[in-house]
Amino acid sequence: RRLNVYIELSEQMHLPFATDVELKEHAERCHAFDHENDFFKIDLIICMGGDGTLLHVSSIFQKSCPPVLSFSMGSLGFLTPFDFKYHEKILNEVIAGNVAVLLRTRLKCSIVKGLKRQSSSSASLLSTSSDDTTNEETNKNSNKDDKISHLALNEVVIDRGPNSYLSNLDLYINDRFITKVQGDGLIVSTPSGSTAYAMAAGSSMVHPNVPAMVICPICPHSLSFRPIVVPAGIELKVKVSEDTRLTAWLSVDGRNRHELHQQDSVHITTSVYPVPSICRFDQLGDWFESLADILHWNLRKAQGGLGGSESPERDVQLNEDQTNDSSSTETTQSST
Amino acid sequence: RRLNVYIELSEQMHLPFATDVELKEHAERCHAFDHENDFFKIDLIICMGGDGTLLHVSSIFQKSCPPVLSFSMGSLGFLTPFDFKYHEKILNEVIAGNVAVLLRTRLKCSIVKGLKRQSSSSASLLSTSSDDTTNEETNKNSNKDDKISHLALNEVVIDRGPNSYLSNLDLYINDRFITKVQGDGLIVSTPSGSTAYAMAAGSSMVHPNVPAMVICPICPHSLSFRPIVVPAGIELKVKVSEDTRLTAWLSVDGRNRHELHQQDSVHITTSVYPVPSICRFDQLGDWFESLADILHWNLRKAQGGLGGSESPERDVQLNEDQTNDSSSTETTQSST
Amino acid sequence: RRLNVYIELSEQMHLPFATDVELKEHAERCHAFDHENDFFKIDLIICMGGDGTLLHVSSIFQKSCPPVLSFSMGSLGFLTPFDFKYHEKILNEVIAGNVAVLLRTRLKCSIVKGLKRQSSSSASLLSTSSDDTTNEETNKNSNKDDKISHLALNEVVIDRGPNSYLSNLDLYINDRFITKVQGDGLIVSTPSGSTAYAMAAGSSMVHPNVPAMVICPICPHSLSFRPIVVPAGIELKVKVSEDTRLTAWLSVDGRNRHELHQQDSVHITTSVYPVPSICRFDQLGDWFESLADILHWNLRKAQGGLGGSESPERDVQLNEDQTNDSSSTETTQSST
Amino acid sequence: RRLNVYIELSEQMHLPFATDVELKEHAERCHAFDHENDFFKIDLIICMGGDGTLLHVSSIFQKSCPPVLSFSMGSLGFLTPFDFKYHEKILNEVIAGNVAVLLRTRLKCSIVKGLKRQSSSSASLLSTSSDDTTNEETNKNSNKDDKISHLALNEVVIDRGPNSYLSNLDLYINDRFITKVQGDGLIVSTPSGSTAYAMAAGSSMVHPNVPAMVICPICPHSLSFRPIVVPAGIELKVKVSEDTRLTAWLSVDGRNRHELHQQDSVHITTSVYPVPSICRFDQLGDWFESLADILHWNLRKAQGGLGGSESPERDVQLNEDQTNDSSSTETTQSST
């Protein structure tokens, strides 16, 4: 195949199996991925690893994102449906175009600092995100209007961080005050994220094709604060309450932790840049299979052997040739 | 106002305040509502009563439904946002067109009898729905293909009815088997219904603008059967399991109970006929106000007086003229 | 073994495998169980079947109950820990006394009719429970004070039965009004029952050694009506509300359904007659094993093969002699 | 009254209203509370403040604890039933002995370090708890067997602290492995604590008279990990899993945060030193009133004015003499 391959360098470093034999042979077509210039050359992302790897890919592509083919390298994941054992066959089918694609909604999330501390705090804030090279440019621009912006594939979390006490947040929708959040924090989740942290916090699971956001409190100090599902496209604002001395902590897909002070607010809305994910079967089938395999959704005692829930495809291909066990972890690849 | 008023007769009968003074004066323009011929003459439905009254309206208009203006006559309801005290002012604004309309999705639900009992059972089934005059015609047609069809504004419920034992249902989506349901039953709910029975059964609440259905088990005999939210437009099938001797019971918006036997199935999908509901403020504001007022969503101890959650409009108009306290219960009204 | 065996006749009738070869050989020592006279001759109950069979045993022994040895005949159950395959070995150990016994609390539940209908309704009520021969005597006595009393091993349920509308119940504790119950109904459960219907309705699971009752609403029309756990020994009263025209339905361990009318009330408290259940390992071990095996409590994806959760004992004995596969279903047995 | 009053000095310092006029007049009988010598002179603790203040009192009395009379100074609390307005009348009744006392169970919690790091880590650990003067002595003693012990009135929490990733804990009961905990953490709660953090994490509420512990996961990454209620007296062990690099954090009643490393474990069991709390009405009445007032348990829309849930006592005494509005915050008091 005459393809140019771009490799995400940072990944190569801290992963043991970074030296990939197969790719080495075609080293002349392997290029280190250049975050400045190469974004628009990528036609297909091949992601190898758990859900966390795909979240990392999403964090790299802060604007338009090419289609992603995700191989799980062992652990099951909602975002990584393919088994690496069959990567050759799968790649061929993908390049031939015989696949369904699910557009996974992302959330755009911006921090707006409280008025008083604008000038002093912006500098220190940038340093906390200094490990986050991809956002540097965004940060520089946003300095003017004091905004830091991220895209979330799973969820935006505002929680109490290392504080011992409850967070105290105000939730606004389309600039209308909705409710106070007292508890460990608040999750604003995409449908993709509704099977991740929001699931753990008690949300109903929402299929990724539903154009919606989930608003889900974390351990709320209230019996009646049940999660809600609201339409995609509305504007959420989460503000650190004026009547608290405590700070809160923002994180986006489990990364990019920022400390939020009194009156700081986080603006969240649906992004126009989804992540196109290549489906294994189809949009509905993949999801229900993952619900069963990963979350054991409605697993009942009469169901007997769990092995029966395996997909037929997997079992059929179990005896196939598995020699090409290349193991580079995360590569971005483009055709010339 | 030169309007022709059609009155739903069945309602007039069993309601105490059926004789309406105001309407009597204009008796020449009041017509009994004729289910056969008058559907297409209606431009606006004025619904007076609780959520149950609007569910009844929805059951009358089994196809296209005109906009509905819903007055609560005392009790609060998600579907009945307006206070009858201000009906004159509100009616003027509605007729002037200064209102937002929310299209409330409905579910279309059809019964398909198990093969063996088709010929014998169809007759008896019709008799159980004989009180349901509006569906007579539908039933006659559907006799051929043994289908009985209803529209649900809130939810379709398949439960164990008066049986002591768990229902045993099979759930299919787009003809793919998804899971078994063991428990008191299953709710398939619209977003509107997610604040009704599905809420009681543990679902997250879904805003009516989200194009989705909620699949929510009732007291499932499983720790892991959490409610899910799936896209509008998919085809659900709920089948009475082959391995049960027990019957199940279907009900649509709390009405139209049918007994389902082994291998009978219920097909459910999003209807193309929503119910256009006139909003009090706007689509989001009405919903969050109802969450707070009716469900006490996230009511916390620090919130102090509940009175503060009252809408300003209500308080402002509290001293206004309230003389025209007419009390007909349910009328359908059309301009000539 | 020189034992007299009493067999529950009603069970023998409607069960296919009632003719038991092994027992037939010792027919001279087999006696039909006489509900009037034999209660005090029983030293050990051997229960064969699912949880339902043990619930039936509990319903027979409305006062003092001898120790119960419960064999599951296939399906797993919280109340039936033993595998019938090893019944010989197990029986020998039980008769030798090398076993732990768990005292399973029961609830005593009495109906008190509303004042107005006392005289007229008591007769009709008795007829509804006429299939319940064991309670006949109790009923006769209680006629004077208009009480019907049952013991529940799992739970007492008051629900809407076949009614379409919400039940409306008032809950009192020690004659103090506690709260209104609007929803499908209310469960008052023993710890043993907390893994049955109360689990399905959302209760936390309570170990049978905890001297407590669980009060658990069924699909409550309230976001904040969470189940509570209260001390054993308190007096609960559940009353059909005065402001409802609807009846409610009582059932005890899924049996003995009685219709309750306005102002009827059900008094529930801890009984002084527990059911002594013979443990497989010990009181804690059995329970956690059942949580894992039956409810798949906290089954996680990383856990891999479910087979690992099998008890070692089962695996060890899997190749043992299994010839004596006698299959009588429910016998009560006493040494002379 | 001839009483000697001991005042907790640390409290006096950081609270604005530490100088109490009424107490000043009797300064000769006011003594600073000496943690070394005065424990056994105390007959009655008067606690003024929110639930946090009583948790502090509990942390001071690490062994036997005298009866506590708790005044809320404004905010409602489960642990602080009395209104300070009526403190004179209440104090008289308490000293006269006309009160019910609830023995609130506490949990005893000890840290056992993993074998490898014992010698090196014990020193650093002590420094992290250096602000915790009351435990100094305990720590010194426990150095020998490397145990640090605390009493918890509400709960023991082991969570991920400031880590971004899920904690990975192993739960043992009576030295038997029960389950893995993957999620934000685990709460082991007393019945008193079941209305605090465990409630927020989804537990059923347990009345303080039930001799039990609640085991409640925090945002578990599993659909089926429901909270459970186990008998008081059993031995729990929570161990940082061997297959995690992450540390976990222990906290006791929201205080005493300790970092736990791989293989460290926390042993938890019921303490023999409860906190005797003076009841306002009685053990059941206080609890249900608090459920309604503080948690709005089963607050329904039909309930109308919230004011109706106020206790009659409060309303009756509302016009009484309120002049002695002294405001010292936390005092310990003993008769000579």
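Going by the order they are written in, the chains are A, B, C and D; count residues from 1 in each one.
Here, contacts are C-beta pairs under 8 Å (C-beta built on N, C-alpha and C of every residue); 3 or more make two chains touch, one makes a residue touch a chain.
Predicted model, so just to flag it, every value in this text is computed and none were measured.
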Report task. Would you mind telling me which chain pair, A-D or B-D, is linked by more contacting C-beta pairs? Result -> A-D
Query raised in the report: What is the chain whose Cα centre is as far as it gets from that of chain D?
Result: B
Report summary line: Here the gap between chain C and chain D, centre to centre from mean Cα coordinates and rounded to Å, is 37
Requested in this report: Quick one: report the Å distance separating chain A from chain D, using the average Cα coordinate of each chain.
Outcome: 39
Query - Distance between chain centroids, defined by C-alpha means - chain B, chain D (Å) - result: 48
Query raised in the report: Touching two or more other chains, which residues of chain B qualify?
Result: 199, 220-224, 226, 295-297, 299-300, 302
Requested in this report: Enumerate the contact residues on chain C facing chain A in the complex.
Outcome: 75-76, 222-224, 226, 293-296, 299-302, 305-306
**Report entry** Residues of chain D defined as touching chain A within the complex
**Finding:** 161-162, 164-165, 183-184, 197, 199-202, 218-224, 251, 254-255, 257, 295-297, 299
Query - Of chain B, residues touching chain A in the complex - result: 173-174, 176, 178-182, 191, 194, 199, 203-207, 209-212, 214, 216-217, 220-222, 224-231, 234, 284-285, 288, 291-292, 295-300, 302-303
